[in-house]
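What follows is subunit A paired twice: with subunit B in the first complex and subunit C in the second.
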Partner chain A sequence: MTRMKAFTVRRKKTLYETIEPWLFLLPALIIFAVFLYYPFFKTIYLSTYLTNKYGEPKVFYELQNYLDILVGKYSAAFWNSMWVTLRFVFFVAFGSLLVGLTTSLLTARKFPARAFASAIYAMPIAIASAAAAMSFKMIFHPSIGLVNRLAGTRTNWLNDPAWAFPIICVISIWLASGINFIFISAGLRNIPDELYESAAIDGAGYWHQQRHITLPSLSPTLFFQIIINIISAFQSFTQVRLLTSGGPNETTNVIVYSIYLDAFRNFRFGSAAARSIVLFVIIMIITLLQFRAEKRSVHYQ
Partner chain B sequence: MSQATLTRRQKNALSALLRIGLNLPLVLLIMLPLIYTFMMSGMPADELYSRLIPTRMDFVSYSHVFTKTTIPRQIVNSFIVAGSVTILQMITCSMAAFAFSFLQFRGRNLVFMCILATMMVPWEATIIANYLTVSHWGWLDSYRAMILPYACSAMGIFLMRQNYLTFAKELHEAAKLDGCGNWRFLATIVIPLARPALGALGAYVFLQQWNQYLWPLLVTNSDKVRTVQIGISQLYDIDSEQIGLMMAGVVVVLIPSLSIFIFMQKQLINGLMAGAVKG
Partner chain C sequence: MKKLVAILLAVLLCLSAFSALAEGEKTKVVFWYSLGGTNAEVIASMVEAFNASQDKIVVDAQYQGEYDDAINKLKATSMGEALPFDIVQSYEIGSRFIIDSQKMVPVQTYIDKTGFDVSVIEPNLLAYYTIDGVINSMPFNCSTPLMYYNKTAFDEAGITEVPTTVDGILAIAEKLATYDKDGKLDRAGFLFSNYGWFFEQWTGKMGRQYVNNGNGRESYATSVAFDENGAALDLFNMWKKISESPYTSYIERGGTGQARAAFVAGKTAIFLASTANLAGVLGNVGDSFEVGTAYFPYVNEGDQGGVSTGGGTLWMVNSGDDKKMDASWEFVQYMINPENQAVWNAKTGYFPINMKAHDTETFKENIAKYPQFQTALDQLHASGPEYVGSLLSVFPEVRQYVEDVTEEVFLKGLSPEEAVTKLTNLANDAIEMYNLTNY
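Entry: the complex of A and B
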């Protein structure tokens, strides 16, 4: 066997054998080259230019696009949308984690209809943000919406600077709760039953067990999940566009929506590209933090 | 303690009751938007302004969705786009994953790293340039503009590769000795064995594409190719008939995605688990 292996390695490959692996990779590499690598570098390139409304780079602008959004003429709007985004990300990431944790704990042990409850908790993963947004638009409808009917008010919630932001957070938490439920449930199933059994023998009650067994065993899952939540919350767009269009008074103008406005309403592609790159850097830092933390936890084992 | 006097059976029954009692409100809360949407879709027009819960369900809005709007056409468009992307990804990803798990060649690890690195690039970092490319090519308002950018994914390659790596290496050696080339080996042996992974990839990609909103919004402007998520968002209009129509449209659009969720839950979750690496 070993001799045969050595033989195959030493034999010279034919030309076809040399290129065959690349034939298998060709479709993937073409798609990635055209729609991922090229546009990524082009976005960086565009971010250093002023463009015309067709997106053709016209004037080399050095780092002025970045300076414009960070300290210059667009900085007030940019930092406002950054602040909106950070608060949004915070509430959605922790809110959906909390919902996912609660629903996972509630379905951790057997009871009748557990399968049904689990399916409902996971269901939001299948729901499109556009469909969800239309449904929420009805719920908060000024004249016949569910909330106004129940409260006996005629508030235009989505147009109210105090309410638009929390509503956008609620719909986003609802949409993200399914994936949180799925991952945290999977994490719970990986905790050995013996831990709970021996704790029960020692007389530990439910809350004591959750505090001293579940939480520590689950913390890598929760950490991973919060990172996933943060990254996807940073990228929310549909619900904002359909429910509030970034308003009222810019209170829901999250960064992706501001990129969209900049590029496709104001046709400032250079400035929009600069915003995209800023967002890319933020997301990359978060991803790298996650990689580092994961590596460390592997070392500990 | 009074509990000490309870038998084990009574205790179990109590705990089940407690769990049902705690889960029920939460289940209803999570379902509320869907229940409400369904209710509003069947609300008779004369009750819309007077009642919270309809006394009867009237499904005329559904027939209006199919006769008076562009939704039917857009459903077809969505199926064409999501279906094509799904099939293309199954092909491109299983091919690329094959090279990474069964073949030896120079630069393999480097190329694999380059592909994995794309998972770190969020779509915002490419979408503006992609839009400009597609419009420069005159592809705006076409199916290919919606399909080709998504014809492959690092997540799909990764998912398929993880699956192939579980296959015995001897399988490939034996096939080679029998004179079975790599293409035939992939098509006749690997693909049939990898069906569960392909199912997971397919369910995940189809759902993701069916639910897509921003990219189709950017690259289309006519109902001829527009997908249905954009279609329902355009039904919004304040007048009593339109509300039922809009909600019926939402229900219709949810049916395919919820069906995938119900009938392919396991595959979908497996796909999600692989996809979550990307976030």
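Entry: the complex of A and C
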């Protein structure tokens, strides 16, 4: 007993020792405070006001901005863009993961021109989304575009409510596939060869090996990548702005684009701030759900 | 540590002193412009020539994205004390907004101060920018909408009379349409671009007003006028007719670039776009067919209205620094001098806003070579200053709503009556919210 007590008695810290860790944290805290916490609280503040064209709060609006977008006069457009966004994020996050996984498995084995194939698959990370969007605009042009020429159709792809959304998704998947390819390839190289060798000796075929060795060993990478994909899909903007401007009939009006329109075209910073807060809450819920799912399905070595 | 900071500060001071010395004599003027592509190259060469022509003023021309982007940057920087530029190019529908921001000095002040002769400037263009009795900004790149047609296709189809109304276009669209071997439409008679600017222009073409309070000119607008005067209903009815014709097609929203690309490739016989496309279209088409230009069509037979100007003007910032403002005015005058405006016109298709440009060799040569330019000028002169166009702070937003609703008419089959109600509600709400917080 006496010995244990001796261990629990602690010397009182000096003042310097108390603040020392905070000094190390200070640079990061300052950056977070200026670029994250301040804007965050300012956004909450703005969302309770009507603003003038400079974004200065003018009329205190209580929670009316939230009511307007959730149940009031802007609600139809808001829920539409929410639905568009959720579908977009789902397709793009999993689509680009799938493309990244497939392409990295294809290039996992040695074959001639493997470096060339890898370069092709990784290429989208080197392409600016704006430049890609402009190229696709011409590729999908209704009368002189490549797609219509090859397919022999006369479809106005980007202005057809049935086609615009899938096309935006496909282009976004392609743009995001490069980074998925890089990370998953790196993950694949970290899987020890012995695992495959012993599995092969036990008589496991290619699909069996992928199912029982590759996927479990890769799960931390895949989990990380899916989170990154979801967050960046939520933030997609360039393609929508350049290819469809949210149209036709609002079928591609993702939430970030609608926030942009509200703040920078309509001068309604209050309403835009309210939208941002709602988006924040939704992303937070999704991330929490993901971490809960992680515990069950991700395997760390 | 202290020493190090002191030395760094000293070095910085010396550096700034040196650079101040080096630039000492010259006044620096920052010019924000918003045109891209070949038009930007012309601006750059004009600025370069200005800088080389004298040794007192240096103009630093900076591209700030499209008009919308430039307006946003202007908005963002207006909150600070001093604006980071001295001259800004902005589009016509940004006028009310920029005046409301109270950061500019009307060019009228300098016109009076230096005795500049404004009678050389196209009166119809000047009329738009004369607000509350003063000229606020100097017209620079001005355009009106124009109908472009494939003259070769017209000749082949035996069409001798160029249509003056949309109904007229629809009537000949069948003759102009061609089909490929599978029976699919290869060349449309007419491609329709869903562009909010056209809604404004057609409202003017019908001689009606877009917003109340004298089109937003007597005092700021408090609601739209196109619902009560029937302009919107007429337009949506017309668009319904276009959408029902099998020989025409809806192509894009928010611009005319896609229709232009199709026209140049021979995939449509007619399209509508700003005069600013003329030089580009003629260059792209080359010898593949003959390009004709005609007045922007009327909506109804017997309409008496006219087109109003689009495009951009130069605004001078009220920086409080007389030296800079004088230098800015020098540069503005240079940009609109007859020779420069003639070159500008020939290379882009925008109007020469300075009528003395008509006497220059550059202009005469160009118009002889491309008589299509004459149509644009005639159209401008045929429109009275009374169709000068409206002023509205939330124009960019309302223009989007026009495009949204038009899209629904074309793609969702929204009835014209419903479209009018929907558009009116959206637009009036936007105006009300803006007025509530800004006046």
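In this text, the second predicted complex is superposed on the first by the 246 of 301 C-alpha atoms of A that agree within 3 Å, B and C clash if a C-alpha of one lies under 4 Å from a C-alpha of the other, contacts with A are read in each partner's own complex, and residues count from 1 in each chain.
Simple rule for what comes next: contacts are C-beta pairs under 8 Å (C-beta built on N, C-alpha and C of every residue); 3 or more make two chains touch, one makes a residue touch a chain.
This is a predicted model, so every value here is computed, not measured.
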Problem - Room on subunit A for both subunit B and subunit C (clash or fit) - result: clash
Practice task
Applying the touch criterion given at the start, work out whether A:Ser81 contacts subunit B, subunit C, both or neither, answering first, second, both or neither.
Solution key: neither
Problem - Which superposed partner A:Ile120 touches (first subunit B, second subunit C, both, neither) - result: first
Exercise for the section: Classify the contacts of A:Ser143 with the two partner chains as first (subunit B alone), second (subunit C alone), both, or neither. Expected result: both
Exercise for the section: Mind telling me which of the two, subunit B or subunit C, contacts the most residues of subunit A? Expected result: B
Practice task
Have a look at where A:Glu250 lands relative to subunit B and subunit C in the superposition and call it first, second, both or neither.
Solution key: second
Practice task
Pick one for A:Asn52: touches subunit B only (first), subunit C only (second), both, or neither.
Solution key: second
Practice task
Check whether A:Ser258 is in contact with subunit B, with subunit C, with both or with neither, and answer first, second, both or neither.
Solution key: neither
Practice task
Considering only the touch criterion stated at the top, classify A:Arg154 as touching first (subunit B), second (subunit C), both, or neither.
Solution key: second
Practice task
Considering only the touch criterion stated at the top, classify A:Ala128 as touching first (subunit B), second (subunit C), both, or neither.
Solution key: first
Practice task
State the stretch of subunit C that overlaps subunit B in the combined model; pick it from 9-17, 45-53, 63-71 or 243-251.
Solution key: 63-71
Handout entry: Intersection of the subunit A residues that touch subunit B with those that touch subunit C
Key = 54-55, 138, 141, 143-144, 264
Handout entry: Interfacial residue positions of subunit C with respect to subunit A in the complex
Key = 68, 72, 75, 78-79, 97, 100-101, 182, 184-185, 188, 191, 249-254, 258, 261-262, 265, 267-268, 393-394, 396-397, 400, 403-404, 407-408, 411-412, 429-430, 433-434, 436-438
Problem - Complex contacts: residues of subunit A adjacent to subunit B - result: 18, 20-22, 24-25, 27-29, 31-32, 34-40, 42-43, 46, 54-55, 102-103, 106-107, 109-114, 116-117, 119-139, 141, 143-144, 146, 149-150, 174, 177, 179, 182-183, 186, 227-228, 231-232, 234-235, 237-238, 242, 256, 259-260, 263-264, 269, 272-273, 276-277, 279-280, 283-284, 287
Practice task
Under the touch definition given earlier, write down the residues of subunit A that touch subunit C in their complex.
Solution key: 50-56, 58-59, 73, 138, 141-144, 152, 154, 156, 158-161, 245, 247-250, 261, 264-268
Exercise for the section: Within their complex, state which residues of subunit B touch subunit A. Expected result: 15-16, 19-20, 22-23, 26-27, 30-31, 33-34, 36-37, 40, 48-49, 52, 91-93, 95-96, 98-99, 103-105, 108, 111, 114-115, 118, 120-133, 135, 148-149, 151-152, 154, 157, 182, 186, 207, 210-211, 213-214, 218, 229-230, 232-233, 235-236, 243, 246-247, 249-250, 253-254, 257-258, 260-262, 265, 268-269, 272-273, 276, 279
